[in-house]
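In what follows, structures are represented as structure tokens.
Here come two complexes built around chain A, the first alongside chain B, the second alongside chain C.
Presenting the complex of A and B:
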């Protein structure tokens, strides 16, 4: 299929394996096919494109969307019903509560004229979630051809390997197909495919080359890389647009874009700032050092005594009780006694900020007990602002 | 195998013709031919005229009927007694089942239609509450009510240990074991037989050429443009079947993810099966990077953390 090769790049061997498995329309295919591969390796895309372009009757269901048995089975039956009924016919919603009913209703629906002599395909995307549903679901789907005595094939798409799926007492083994990760050459080819028409393919290919050079060791996810490619392209083109460099001036373009991409790794890649903020930043050309990322918002400005209360709470929470003597005997008199009311207010405000949480029952007579819930990095930052070396007082660091 | 088929058919005939109740378990690993055996036996049985008129079959499967209530409904449905039952409410499972079997009695009330119950995935029925379905079925097969044959198919060799005492005592302890211990030459013979086209195949010349080319496994490569299997297909299919899936997944990880996995393995080796968290893994990674600072770029902690959140890393125990 010539146009199929244009739609689906770098997956010729998998497409041909699938095509030969499907065979002729009326032939029985292998009862279940298990396709696994990393995220963004094209499993969903290839399966959907192939089934659509060959116009085979199929039902596509996502197991994350249909997280209960009932949702899953009803969606399959209703979509199948929709396929088999003619245009304009508005059929009622089918309800199905158990797998037994599903098999019975499935047999009824596939008697319809339009589905009778061809293989019906049921594709279950994110199939790893099937393992958390009822125990009979996975073995049942693997054997659906035998249980329903119809021409049906179930295709499982998953990121987890088949060995983790196999039930304890065994089951019908599906045909396992691996979608290998894209090599760097393949990634280059696919990313270069969506180059904007204003620039030449070579220009864009050089840009992709640089992008992959920076990000390939960290991330090979096609979706992430495409997103980054689209976001950073305007910055790359900037010198050409401004007239400072020509399209072929690779060195200059590289020097311009490289620190920018490194900064992108800290910010956009981590979703610290949104893509729209990033684009705005590029347009305004401000110094990216002033970026206030999401993690900055977790820093909280606390009043002086509150910081000490927090540090004390942290030490009390994380040091075992018997070591208190060792740390605090010398400094017995140093902690000032503040007004009691103020201390209580400060504690409640820390609880509101969720830096402390209430532990134990409300009705404990000898005062409420609190626990400190901040991370080590956070408390170190706070302690630094009041010149208190907290590491000296922590048991775990002795 | 043929002997076993004969044995089973004999058993079924005794129920169908002589009205003798029986129970048998067919035990064998996955793919050893249990379902094939019973289907073959039933087909041969039904070829006899008087059998197909009298004998009723009920096919139950442990994967489909996951509790006894559903199983009972399914039995009612398969015996075509839904109208007879109507809206009746029964006190117990036994009552319901005996009502169904009563309803099968012929007009003169003397004899009843023999029923063959086939229970696939038999071990799953043993997990139902109180094993009521199994108890009642075996009970009926021991009492003289209705001639029934209860045939269970299971892959578990220890199936008898799963049964309760009262159920086990009512079972006839008749077992058919399907343990295929073929040697390689026998496998070769079987495959050649399976893949050769029968003499009645249309297109005689094609059939002859085909039989010449018969080899193992590579059947899926046959398309109208590629009608014969070749040795290359065989090698490719072998490679496909014997792929190490975990090795494949590791191949697809980025360099950073692989470093993290190496760090985790290192921790696992040092601390012998104790659990570890992200901070420990990150510290290991830092140590590794410091030693080889010139070749690996040191990534900031959040970048490392983002990669760790990927589910693929959780694939590895």
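Presenting the complex of A and C:
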């Protein structure tokens, strides 16, 4: 299959392993296959392309979406049902509440002519979510072939190693397949692959080379890199479009794009500035420094007494109780005693703002305990606005 | 009671409560059980009228203030959605990540005001962008399941509103299924495709120009959502983005960093976040005050204390505009309720008309007003007699006094604004940065006596020409914008000043050009002097007028680096002198200035500046008088700050304790009046139970408590202990246990 090699780059060994596992259409395959690897290492893409191009009957389910057992099972069954029945006669929704029902219904559905005598694949993407569901689910899926007595293979895709899945009651061991991270060469090859039609492949490859030079140290996520490549490509082309440089004038192009990419690393990559804002800046050719990122807005305006409550909470959260005497006797009279009206109200509002959190149990009615969750920088900024030198009262700074 | 049942058995009959609705017309509450002569009904109506006007004004203000924010939000939504729609075959768009357009809306910590903002936002979006606007709160969404369920049910409700209601029954049955994103997107496809061919729809919003309007989801309190729910939802919906065009709006109370705190990079990279910031609530307050109180549009005014209470609650406690307006409403209500003469608190022509119909009692009320008494005392004796005896004469006089009061206010606010223009940008803001601070100062005491005012004038005398010109311009605008012709003369004066300053400019181009330049430098040096003084409060100054001292001070003025040098020269001077404080240094600086002025001929600019300052001073002297000096000010000013504080700083626990401990306080039933320590038998059961429970210390013996309760209650019914059947008695004894459930139990205290 020459076209498969064109579609799946740098995953030759994994593809051939999977292909040999799958065997012929009517062969029984391994009951369960566990594929793991980092984000954007091609797990989903490879599996999906393989199953599609081989035209194998398969069901693809994302476990994040199916947050309950029922949703998961129903989705599998409905999709299967859709596969088995020919076009037009789309039968009614199947309801299925338990795994037991699932096995029964699964047997029923796979009796259909179109699914007979060939392996049916169930792919569970983001399989780590299965761990939080019912305990019988994972072992059940692992030996689904045995339970249903049908030619079925379940493929799990996950970012987590198999050891963290294994239930302590023991289970059927799946075939474990690891997708290693792409090397820089791989990334270069894959990213260069999707070059825009109006420019030559070499030109784009040179651009990708520069891009990887800047970003490879911080980001190896293929998706993110690809996104960044597209975002910044217009800037790279700019001298060429304007006629200031030719496509081969790599040095000039590099000088043009490199600082731009570095800026991108501090802004768009961290999502301080959104991609659309970045594109707009690029188009208008303005300095990104003018646009403040999300983290630039750290100031929080609080009512006067709330500030004091927050400061007090911070001190109480970070100073050992035994040091209270020491701090507050020595500087006696420095903190003016204010009559805190609406104290409870204010504490609850600080809790809703997530500046304080409740610790201990909810049912403790008298004397609920709170902890201050703000950072030192934040509290210092607050303290400064009310002219309170908080460092003086902090145990850690003695 | 009968049943339709044929079988024998026990049947529960719910008591058939038919509550008599005791409806007292609201205005009767204004009566205080006294005679009609105090126009209680009229007062109530006036109150309602004024409140309606104020309310609509605040709503208008709110709309205006939100307009900018909403406009930019709408623009963002439309833009990001149109990108969506452009089913582009463009190379970039195919490869780029599909990000969910997200607006991070920073609204400030006054969470109580947010609801209103979100409500109007929803309305605006529904009218301009899309019918599908859903808002969720964190407390409704403890997990992904509930999140999606809430989203789905609200979305379908949106749809019902737009479409005909016939499909309602279908949707009700749908509500029972679990919702997944899958089902939502199929629903969305169905709806958008279905409604498309049906062109005759009543509400054709501009959104219908799009084939598929976006779904806008507002998360009202971003901070309170759990990370997992948000994360999962964003991951799920980003996978369905191509068939379910979602746009998120995050309502953020603290700071936008919370987005990064809640969402890891893998998730936040799925969003295309843009930031929108609403007006700060302090500015909002300023506008509200400006439009409601610093105006002659509404006759009702607050005294300094009341204003202080309201602004303090705002600044120190909650930052909530809603609460501030509620407080204002309460003061309005309280004013009309407690002050019989508030019937005259309306627009001038109406008030004049009402004066003619005042009863004798009301006339007597006028005579009793302290401000009016003071006024009478100042009159000639025959007029005094006439005022005190002749109703007709009194009414005429009241009319003219009221008119004066209105004129006073017109002038007052104009001059106040004018003064604010001059003082709001002075260094260190001696009279405050906000006009409300200035207003408070002016209400509190005679501003002429205040030190801040003196120092403000002093600072004004040091300003450079362009600064003064800018202030004058602004001031001129204030006078021009007011329709009143009262202070037309003043406006003219200001215009003249402006012209004169400009002519100085023209003169500067001539042969005398050196002078103004020198001026500028002089005033610049003055400024330097001020700032240096701030830096070196301990610089030994020489309060003598000796030449060397002046030189020393000049040195300070000129440069901060010349510290050493200056100390050399001045130390010899100040050996015997005490170390001076700020005050002395300032004084010496002023003296030095005086000296310079006398020694040197004043420039034209300085003369003009002096004239201007004294002109402002004269304005203040004439118009910014204390309201208490005005006769009949009680009619318009609400001053019962204490009552207001009591109402607004409510202590619910104390109120509850009072109600239970001393029911007479609220019920006003004579039978309940009791001496200290004694439990009235006729008190409500819960009060008896509560009082008995107070008598025990921390640990309570339930049996004793019940017994004691039974004793008190049976005594109340004047029953012989013997005549009470044991069943009844157990029932009574059990009562405290039931009332425990209603009682604010001890452990919550």
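Note that the second predicted complex is superposed on the first by the 307 of 398 C-alpha atoms of A that agree within 3 Å, B and C clash if a C-alpha of one lies under 4 Å from a C-alpha of the other, contacts with A are read in each partner's own complex, and residues count from 1 in each chain.
Simple rule for what comes next: a residue touches a chain if its C-beta (ideal position, glycine included) is under 8 Å from a C-beta of that chain, and two chains touch if they have at least 3 such contacts.
On a predicted model such as this, the values are computed, not experimentally measured, just so you know.
Look at A:147: by the touch rule set out above, it reaches chain B but stays clear of chain C.
By the touch criterion stated above, A:99 is placed in contact with chain B alone, chain C being left untouched.
Using the contact criterion defined above for the overlaid structures, shared-chain residue A:352 touches chain C, although it does not reach chain B.
Contact with chain B, but none with chain C, is seen for A:163 once the two complexes are overlaid on the shared chain.
When the two complexes are overlaid on their common chain A, residue A:172 makes contact with chain B while staying clear of chain C. Of the two partner chains placed around the shared chain by superposition, chain B and chain C are both touched by A:39. In the superposition on chain A, chain A positions 39, 270, 295 are in contact with chain B in one complex as well as with chain C in the other.
Touching chain A in their complex are the following residues of chain B: 29-30, 35, 61-66, 70, 74, 123-124, 155-156, 220-223, 240, 243, 245-246, 248-249, 251-256, 297, 299-300, 302-303, 306-307, 310-312, 315. Within the complex, the chain A residues that touch chain C are 39, 62, 64-68, 70-71, 75, 194, 196-198, 223-224, 226-227, 229-231, 233, 270-271, 274-277, 292, 294-295, 297-306, 341-342, 345-346, 349, 352-355, 365-366. Touching chain B in their complex are the following residues of chain A: 17, 19-21, 23, 30, 36-39, 41, 98-100, 103, 134, 136, 139-140, 143, 146-147, 159-164, 169-173, 175-178, 180-181, 216-220, 265-266, 269-270, 272, 295. Against chain A, in their complex, chain C makes its touches with residues 79-80, 83, 91-92, 95-97, 99, 101-102, 104, 106, 108-109, 111, 143-145, 178, 180-182, 221, 223-224, 232, 235-236, 239, 253-260, 265-266, 268-269, 271-275, 277, 280-282, 314-319, 649, 651, 747-749.
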